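Presented sequentially are two complexes of chain A, the first with chain B as partner and the second with chain C.
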Partner chain A sequence: MTASVPPFSEIAVAAKAWPGPAWLTGARQAALDRFALAGLPTTRLEAWRTTPLPDFGTALGPGAPSAGGQGAAVVAPFRSHGAVTLVFVDGFHSAELSSPESEWPKGVRLSPLSRLLATAPEEALAWLTVDAAFSGALHDLNTAAFRDGATIVVEDGVQVPVELRVILAATHGDRPVAEHVRHHVQVGRGSSLRLTVAVLGAPDALGFINNRTTVAMAESSRLDLVRVHESPAGVPHFDALAATLGAKAEFTDTVLQTGPSWTRSEIEIALVGERASADLGGVFVARGNQMSDIHTLLSHQAPGVISRQNYRGLAADDARGVFHGQIRVEALARGADAVQNNRNMLLSKRAQVHSTPALEIQTDDVKCKHGSATGQIDQAQLFYLRSRGIDPKDATLMLTRAFAGEILSRVTAAETRELVEAQIAPSLEALGVAA
Partner chain B sequence: MTEPLPPSPSESSRLLADLTSAEYAAGFVTDIASDAIPAGLSEDVVKLISAKKGEPEWLLDFRLRAFRNWQAMPVPEWARVHYPPIDFQSIVYYSAPKQKLDGPKSLAEVDPKLLETYEKLGVPLHERAALAGVAVDAVFDSVSVATTFKDKLHEVGVIFCSFSEAVREHPELVKKYLGTVVPYSDNFYAALNSAVFSDGSFCYIPKGVKCPMELSTYFRINAKNTGQFERTLIIADDDAAVSYLEGCTAPMRDENQLHAAVVELVAHENARIKYSTVQNWYPGDKDGKGGIYNFVTKRGACRGHNSKISWTQVETGSAITWKYPSCILQGDNSVGEFYSVALANNRQQADTGTKMIHIGKNTRSTIVSKGISAGHGQNTYRGLVKIGKNAEGARNYSQCDSLLLGPHCGAHTFPYIDVQDPTAQMEHEATTSKISDDQIFYFQSRGLSTEDAVSMIVNGFCKEVIKELPMEFAVEAQKLLGLSLEGSVG
Partner chain C sequence: MLRITDLHAKAGDKPILKGLSLSVNGGEVHAIMGPNGSGKSTLAHVLAGRPGYTVTGGEVLYKSSPLFDMAPEVRAREGVFLAYQYPVELPGVSNLYFLRSALNAIRRHRGESEMDAMDFLAIAKEKARFVELDETLVKRNVNEGFSGGEKKRNEIFQMAVLEPSLAILDETDSGLDIDALRIVAKGVNRLRSEDRAMIVVTHYQRLLEYIVPDFVHVLIDGKIALSGGKDLALELESKGYEWLEKEPVQARG
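Right, the complex of A and B next:
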């Protein structure tokens, strides 16, 4: 796979016409300059060693709001009465498919980023110009070319009673279109929020999704995040999440990477407040010639912080899975407690998994451990099921379902759980069985 | 008399300070005449080294190819170590102790000062060798000084000699194997070594021979501003077995000195090679001044079926260690092992680990790495386990534990695990811990001093690795660890 030269001059020209304050135009230009200098990442870069980029073709250029078309059908499963949804079709907010503003919960300021930039751009200044440890050409491209996204600000002391859902749908089937989307979530002091983010698409859609989210959590806040990454085969998906956790903030994230496309998810958590805690988990189900990549960086920067990571991977056919998990404990983080676990299952002769669990520790008063294991489906378990008359295909499905089930069980809200289970089921059924 | 009180925290930190600053016992300089060439590196220097050693054309060719390659290579910067750029033109690339023209015929003719040096270091070079039962090839600065027990080894057909001698006496073997495990284009320091290596050890164990004694090399850097570039080549033919020990020391100097060695091991069918290292190069003073830069490429190839290569290393010295003894498991059912204790105290930095490349079927590898960090030391484990497409039934187990002593040190783990075969099974585990007050209290309540407690805990932590060492090395390794760490309370 080769990455062709992206049409960044096209973006540069287009960006000049986009509305926005001067600082944003400046930030876009600076990002574009960095991008022009560095070019797209190649496998010669350590962070991309095992993850070759797909051929983006002409798909990196900016898109335009589309007429909707297949959007409604794509997001249908994720719209429900119990949740408030914010829908983006081909990178632009769709008021028609989103919940009406009358349903928006109290104490939460919800706004599409495009609207915020038009009405109160100074609110976005702080987090649109933030520096993250994970950076690079695709991050720069996002800054240069994003047009919309969700901004969610939960005021102090608000327990948001309903679940919020942010849904991205790719629908362009005629020509490839890039969606550079930028979200920001802020949870106030003592507040709590449940948020599900789904990246979906019509089966025949073409393009590229570059989805970037920043999260800022104030003292004693709580955020339960569930993310479904299921973009269609013709839409590679790059996802970056950067969260900053204040004192005693509690953050959970569960990512389900089940789509048939090239997908890379970068997760960067900074535990900056005392006794903040992060509980992360995820599973990828990779098949065909899919590439599934999860990169995490947990930076422990304050005393008494806790982190847990549990990531699993299933790779079948010619698929390639990558897990790169980094635990960093700074000298200030006395009493930090970090555990990371990665397990991968290879289901075919040609599937590959690359696992890199890394530790960087700068003080002695820590409890850190990581474990990583990769192997095939347990033959003894398979034999047990077959001896009870279950055919190999069903037996394999039972075992892969159980393997992924541990991650699904992290989703505690019943409705969301049913939704993600329904979402992952076809992917598991489609997995090839090792000969 | 009243009972002594247990040490107060301030007292234990004093103990820590006292003991972690323990004098480097091998830090003396031996004043003997040496034959050195001027500092700097060019094709002429490479040719001069080759000429001084009276080498054949093919070896000079190898050196020149390596040198040209090296010139085009960038200095590697990926390791987690920090040091000012090295000026490769200020290094003396050849320094040999001056000898009588015809060279020493027996140990009696070797410069007594040189023998005294080894005496101080505890190398059983002379008759003591008989008691220790270890055959030693000692490399002083750049050239091999003497090889003991040659006759006895000759009886069974084992060739154990200096590299230069091997080039003279057994050119066909050297030519056949040199650079086949670590090619001169492998990496920056391997290329540098291939261009300027001055001596080293060579060992060939013929078919079916179990080497009757442990073989050993002792490396010492003595002269100022010299780099040491030695090359070790060990070949175990079908059904052969050998255990090889390597030790290193250097005098205390304020400048940094470079040591860039290459070790190549080849194991044929059913052969066994066990390679043990106790590395105690001068680590620099407590502020990080001076010390050896130890940039070493070590690799073994398990070429034959059922062959086995086992690396054991205790790394206590060097200002910077950059070293990844690796195994290429080509033969079916071949086995690779890596046992390591790496200690980084004061300002020492160690970036060390292994690569296990599984190519053959049913290949197995085990990695046990124990890192100890104290003072401002930075210790990194970096390893790769690669299971190739046809390595059916391959198995790996890796364990990387870190022990941190004090709030200013660092421990890092970067394991790369690439699996391309579904029948492979691999597991990796790593933990990081400190010595807890509870553990110390437990020992104290049984009447043991704090320093004994720490020493026992550290020895317990390293036990899995130390037990892999041959006995006399195990004793030395424990002594070394004790010297630098007793009394350090976390």
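Right, the complex of A and C next:
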């Protein structure tokens, strides 16, 4: 049965031999069976209508922990500032590249998932087996095949003073490997945390990254999440984030999806506690033949919850972008307030962006606004710059940078901002050249 | 500096300039007046090279070279500057970064070394003080959320920094209060020199009390209908344009 999805069959076989508690082995097998039955998603599925999968090649290996290699160079910029880092190279925790345990902040239980499963697997039971509303073959594949990830548990009443960084580095250049990574973040009552997650890689790396993060926020907690999606061209990246927000929890997420690979992000936020709020934003940058996709689902399930979405996309050359933003307001969510805004800029005649809002509203007592606009670079602005002597190429770059910059400016911590700005600058520059 | 001969141009599909001729020498200030829609901004835009206009006839020589052979950015680097009637907002683009890029593009063109952020900041501050532009505006995004008058003042600030050879001011005085008008005039007068020329488009004689022009031209229906000295502006102020629209008048002055 498991041999039916060719690029992943080797992983399916290997998975049977992986150690773990019985419940996990069972969950993996069930997920694998679902995956084999469904097969990889095709454009016949509504959720994948405008997002064809990349070519995974004939076979993706399961990978293995590796020491040294290019990992150190890939993650270097993200280690150089005063933050606590957890590094994963080709899907496996690298103690060598991560911050030493002596630097870990108090009141936070940090652990690579591989270690947690070996020492206290019952702690992972609840969140590893729960199903989110976004589901499908790639989610099942993650459950079947993940090996490692970051687990971060902030105890009640802790304001974590340092930023945490979770960094994934794809480095396999010789043979393509699939890395399935699973993170869990829990923020205790009244606690706060700043977290940056970066998906990076060596330029010549090959494979696939399937990265899944679950977030559970207790009452009155706060999480500021920044995510950088810059996997290299040969490493398509599927990313899923599922967060559950308790009463008065405040969640912000900014995703900078600027890398050159096929990338799809699914972002699913459940506002389950009264007056919880989610402020989401992101930008994708797509060029060449690239496909970049952001899917959001904001599920309003309690009175007085608030959501804000501000997503932008830049597409050049033959690239294709997708923004699909779903707002669901349940009958219980009286007084919910949801705003969604999507703006896209096309930098060539062939580039395309599909932008679709989807609203499902079960109560009248709701404020809901959404807007979407897709257009070319503003000619009056471009000319204004040229008429001051600036080269059209530089002028285009300046305007696209400004367009993306409004999302970047959501990252308010100066150090983080500088770091991610430097990381995505070459991607934006490449866009300017291509245009 | 600038020699326009029998210029014909269309805005979109509509013929606007219909045989306009004008010569501007170094050191001169020329005022252009004329009724709404007569083609003043069209002339300014055609000289700057704005897309959307088609030159259908005539010739323009700038510093003895055909102007229309140069791309807009090359014209700017060669010293052509247009202060817009309606300056564009550039959200997310900082004024300082924008202006330094512009200045460095011009400097590179001249074979000069680029200016770093620190040196540039010093110059920008000095020029801002000169045109009495608030320093916070200098650091904000280009024209984003600026008032009408602030946008105009920002144009003059840019002119002061870039020090063009040929400045075309398209109704820079419209929407300015008296103080701002005086400041704009100060900026312009300071730049006046033997190797610079200015074309000042205005509806109001008042500006010309501060920026005393060498010549005043009346643009009507795409042509210069009348040229004169600075007193012509006063005459126009009292008589309007109607008498010029009805009968062709010989150039005077």
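We take it that the second predicted complex is superposed on the first by the 417 of 435 C-alpha atoms of A that agree within 3 Å, B and C clash if a C-alpha of one lies under 4 Å from a C-alpha of the other, contacts with A are read in each partner's own complex, and residues count from 1 in each chain.
The criterion applied here is as follows: a residue touches a chain if its C-beta (ideal position, glycine included) is under 8 Å from a C-beta of that chain, and two chains touch if they have at least 3 such contacts.
The model shown is predicted, which means the values in this text are computed figures rather than measured ones.
Engineer: Which touches a greater number of chain A residues, chain B or chain C?
Structural biologist: B
Engineer: Looking at the overlay, does A:356 come into contact with chain B only (first), chain C only (second), both, or neither?
Structural biologist: first
Engineer: Identify the partner contact of A:367: answer first if only chain B is touched, second if only chain C is, both if each is, neither if none is.
Structural biologist: The answer is first: A:367 touches chain B but not chain C.
Engineer: Quick one: is A:50 in contact with chain B, with chain C, with both, or with neither? Answer first, second, both or neither.
Structural biologist: first
Engineer: Let me test your reading of the model: by the given contact rule, A:346 touches which partner, first (chain B), second (chain C), both or neither?
Structural biologist: first
Engineer: Touching A:381 in the superposition: chain B (first), chain C (second), both, neither?
Structural biologist: second
Engineer: If we count contacts the way the header does, which residues on chain A are in touch with chain B in the complex?
Structural biologist: 46, 50, 331, 334, 344, 346-376, 434
Engineer: Per the contact definition, I'd like the list of chain B residues that touch chain A in the complex.
Structural biologist: 78, 389, 402, 404-434, 490
Engineer: In the complex of these two chains, what residues of chain A are touching chain C?
Structural biologist: Those residues of chain A that touch chain C are 379-381, 383-392, 394-395, 398-399, 401-403, 405-406, 409.
Engineer: Could you please specify the touching residues of chain C with respect to chain A in the complex?
Structural biologist: Going by the criterion above, the answer is residues 48-51, 71-73, 75-77, 81-82, 84, 87-93, 97-99, 101-103, 105-106, 109, 141, 158, 162.
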